[in-house]
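In order of appearance the chains are A, B, C and D, and numbering begins at 1 in each one.
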Amino acid sequence: MRDKRIRKLKEDVYRANFELVEKNLVIYSFGNASGIDRESGIVVIKPSGVDYREIAPDNMVLVTLDGEVVESELNPSSDTKTHIELYKAFSDIGGVVHTHSLHATAWAQAKLPLFCLGTTHADYFYGEIPCTDVISDEQIARGYEKETGTLIVDTFKNIDYHTMKGVLVACHGPFTWGDDPQDAVFMSDMLEEIARMNFMSALLNPEAKNIKRTLHDKHYLRKHGENAYYGQKGNA
Amino acid sequence: MRDKRIRKLKEDVYRANFELVEKNLVIYSFGNASGIDRESGIVVIKPSGVDYREIAPDNMVLVTLDGEVVESELNPSSDTKTHIELYKAFSDIGGVVHTHSLHATAWAQAKLPLFCLGTTHADYFYGEIPCTDVISDEQIARGYEKETGTLIVDTFKNIDYHTMKGVLVACHGPFTWGDDPQDAVFMSDMLEEIARMNFMSALLNPEAKNIKRTLHDKHYLRKHGENAYYGQKGNA
Amino acid sequence: MRDKRIRKLKEDVYRANFELVEKNLVIYSFGNASGIDRESGIVVIKPSGVDYREIAPDNMVLVTLDGEVVESELNPSSDTKTHIELYKAFSDIGGVVHTHSLHATAWAQAKLPLFCLGTTHADYFYGEIPCTDVISDEQIARGYEKETGTLIVDTFKNIDYHTMKGVLVACHGPFTWGDDPQDAVFMSDMLEEIARMNFMSALLNPEAKNIKRTLHDKHYLRKHGENAYYGQKGNA
Amino acid sequence: MRDKRIRKLKEDVYRANFELVEKNLVIYSFGNASGIDRESGIVVIKPSGVDYREIAPDNMVLVTLDGEVVESELNPSSDTKTHIELYKAFSDIGGVVHTHSLHATAWAQAKLPLFCLGTTHADYFYGEIPCTDVISDEQIARGYEKETGTLIVDTFKNIDYHTMKGVLVACHGPFTWGDDPQDAVFMSDMLEEIARMNFMSALLNPEAKNIKRTLHDKHYLRKHGENAYYGQKGNA
């Protein structure tokens, strides 16, 4: 049973990592996707520094929530501890993705949040996409990767991670999450697309700020929650 | 007779939706093309939230101008009511397209019209491409999608929709229309191209405004109207 | 003899038009390449408004330097008279290309010349690439396409068209020329590439102006003229 | 023995030149990659001005560190003397690459260094990527290509070329180097990617400067040096 679930998860995580390359969100080995089997507490993640052309479902690495590698010969992604912190704090997410995608990273390097400038954003991210503070020297010294997770979790003190499934880590790049690895990839792709649009909007009109709440709600809630009427859900 | 026309229209609308993806104007399910059979008053439109890889002529949705779905099992695009308002107000158009194409949306998010800065624009859009006001809270409460159509129609009070076949909806994105679905797709593609050029021109020279009327007329009228001399029309 | 040369020229012009699409310098039917057979004074040019997928060597149009169509059933490009003016004034060029390529057109819309900011430019264009004035109302009334040619020729009063094989027509787009149609296509491609680089350089450093003459000469003259030492010419 | 090494190097250099085109770092013949066989002091480099589609391992040119062509019929790249200066001054590098890649060249034309704005940069380049002064008239007169090498070497007076494997030559473009030709290509690709990100970050936030040393060290040193823990090195 557990074996079957883990096998399926390895395939999902492999595919998620592969999609990051296909969608141009990752070049070389600059990114990682993971998934978790909540029942056993096993996180499945990409091995560290392995070329995307060489990865396969079978070399995905298994790690416990304590960070211990199990049943694997390769080192897990160097960002594994960040993923684990997110799985611990955001108790019902099933997948995490980290990339250095071009436009999202450009905003992270500018240390600026992504205002909600339009309905493309409002459809998928509820509110502005936050940018963390720059990680402190103490945190770097204490454990860089784990503390990057803490930094994100702290940033979400007053933000609901269910409706805001992404963040920019200042001077670093984006992290996203979702119900499963594929959902987290989708959020990375949307975040990149929004970062790309907003780059241009911000240059054309530096005064542009968050759209009004009524318009934001309309769009988010027609796609999400019990009154959603977008798509084919209410149908059939 | 009607059946044959509708079957043809379903194919045209399907193809139009497909072309939006091919031309990189739409990612995921972010856009929709429709067409109308004026004789029967039937609008054919993409189903809501269906991946472009799964759509086919047969799952295009039929809707009356009163918004009632006929002969279809899928929900129509959530923007159907906007399309219907345009078909009602612009009485001889045959196709409508909505996208979140990158550059046009960036301008819509900046809440700025597209000045006519050059002959590429002048060839296809007569005058500056307008940007609507932000939709009011009353309109959102009254019926968001229908009122988005009203907002566009109001914006065209003093503009001829025959020579200006596109608009930017503030904080949202572009809508275009034309003689048939393919023409509306073409206008979306041209609008995106112009938005892309103008983004750069505006940054290089913020003073650049509409070109003079004489030059604008020259270009528009050599391609359109009875004195047009572009192409092979007068030939044969 | 003449027939053989013309047949070859039709193929060259066809290929040049095709390359404009392949190199992403032209979308739809937005551009045209031509060539001239100096001995007979015959200009071969793309037909007007014909989709690039439908053109072939045999439907290239033949026109005399007086603008008369010969041996052809299709209308020539609407910009034919501009090409003819250039062939008349620039007496030893063999090919002309006009595009609405994205970045070059953005600069033309901004009504700004392209400063020579670096060696990429210096290798192929000697001096800054000029931008014409906006065409006057009188010129538009007198004959738009012919006068566009005159406008370019006037702009080159003090510029040598042998070492500056391109121009931006204000509010319109680029024209380039060369020894033959392929050379003109190459210059269009280089002009677009330089416009793209310079767009970014100009935003990063608005103070950046023409590089100094010594550096410019070094680069241009190592590739052009009798002291050139680039490539394999002196070899073999 | 030497013959076998040289044959291998010709293949590596050929492949490096080919990758520059595949990775969109070079168009036409705008760039060159070389490698050195330290034992014999033979530099292998691309021939000058030859189209990338026509190069092959066998027409790579062999040159001594004195600049003399050996065993080759083609002229070496016109930038050969720059490569040689770098091989002489940076005594343990094995490959050099020069491109006119779009974004890196835009920065070089703006005469600005690339600040280290984030971890993507910090992972591969230790410190800000320097931009040289504009080459002096005396240097141009004395020998342009050789002096371009001197200019780079002078710029590195206080910079360690082992941890900073790239430079922008003002008004010209980037040079990179590495352990072998492939490593130099990789550095060119990373430099271009960083130039692209930084272009956007700099426009969004002109105040953005180098990230703090602690964060920079953390990233660089987790990938490089004896305490590196990224990848699979410590494993197996």
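Some observations on this one:
Just so we're on the same page, contacts are C-beta pairs under 8 Å (C-beta built on N, C-alpha and C of every residue); 3 or more make two chains touch, one makes a residue touch a chain.
These figures come from a predicted structure and were not determined experimentally.
With contact taken as defined at the outset, there is no chain that touches chain A as well as chain D. The chain with its CA mean position farthest from that of chain B is D. Of all residue numbers used where chain A meets chain B, under half belong to both copies. The two sides are thus made of different residues.
A rotation of 90° superposes the C-alpha trace of chain B on that of chain C, rounded to the nearest 5.
Work out the mean CA point of chain C and of chain D, and you get 34 Å between them.
Distance from the chain A centre to the chain C centre is 48 Å, each centre being the mean of its Cα atoms.
For chain B, the set of residues touching two or more other chains reads 199, 203.
The chain pairs satisfying the stated touch condition come to A-B, A-D, B-C, C-D. Residues 27, 30, 47-50, 73-75, 78, 100, 102-103, 105-112, 134-135, 137, 140-141, 144, 171-173, 199, 202-203 of chain D are the ones touching chain C in the complex. Within the complex formed with chain B, the residues of chain A that make contact are 117-120, 189, 193, 196-201, 203-205, 208, 211-212, 214-215, 218, 222, 229-232, 234-236.
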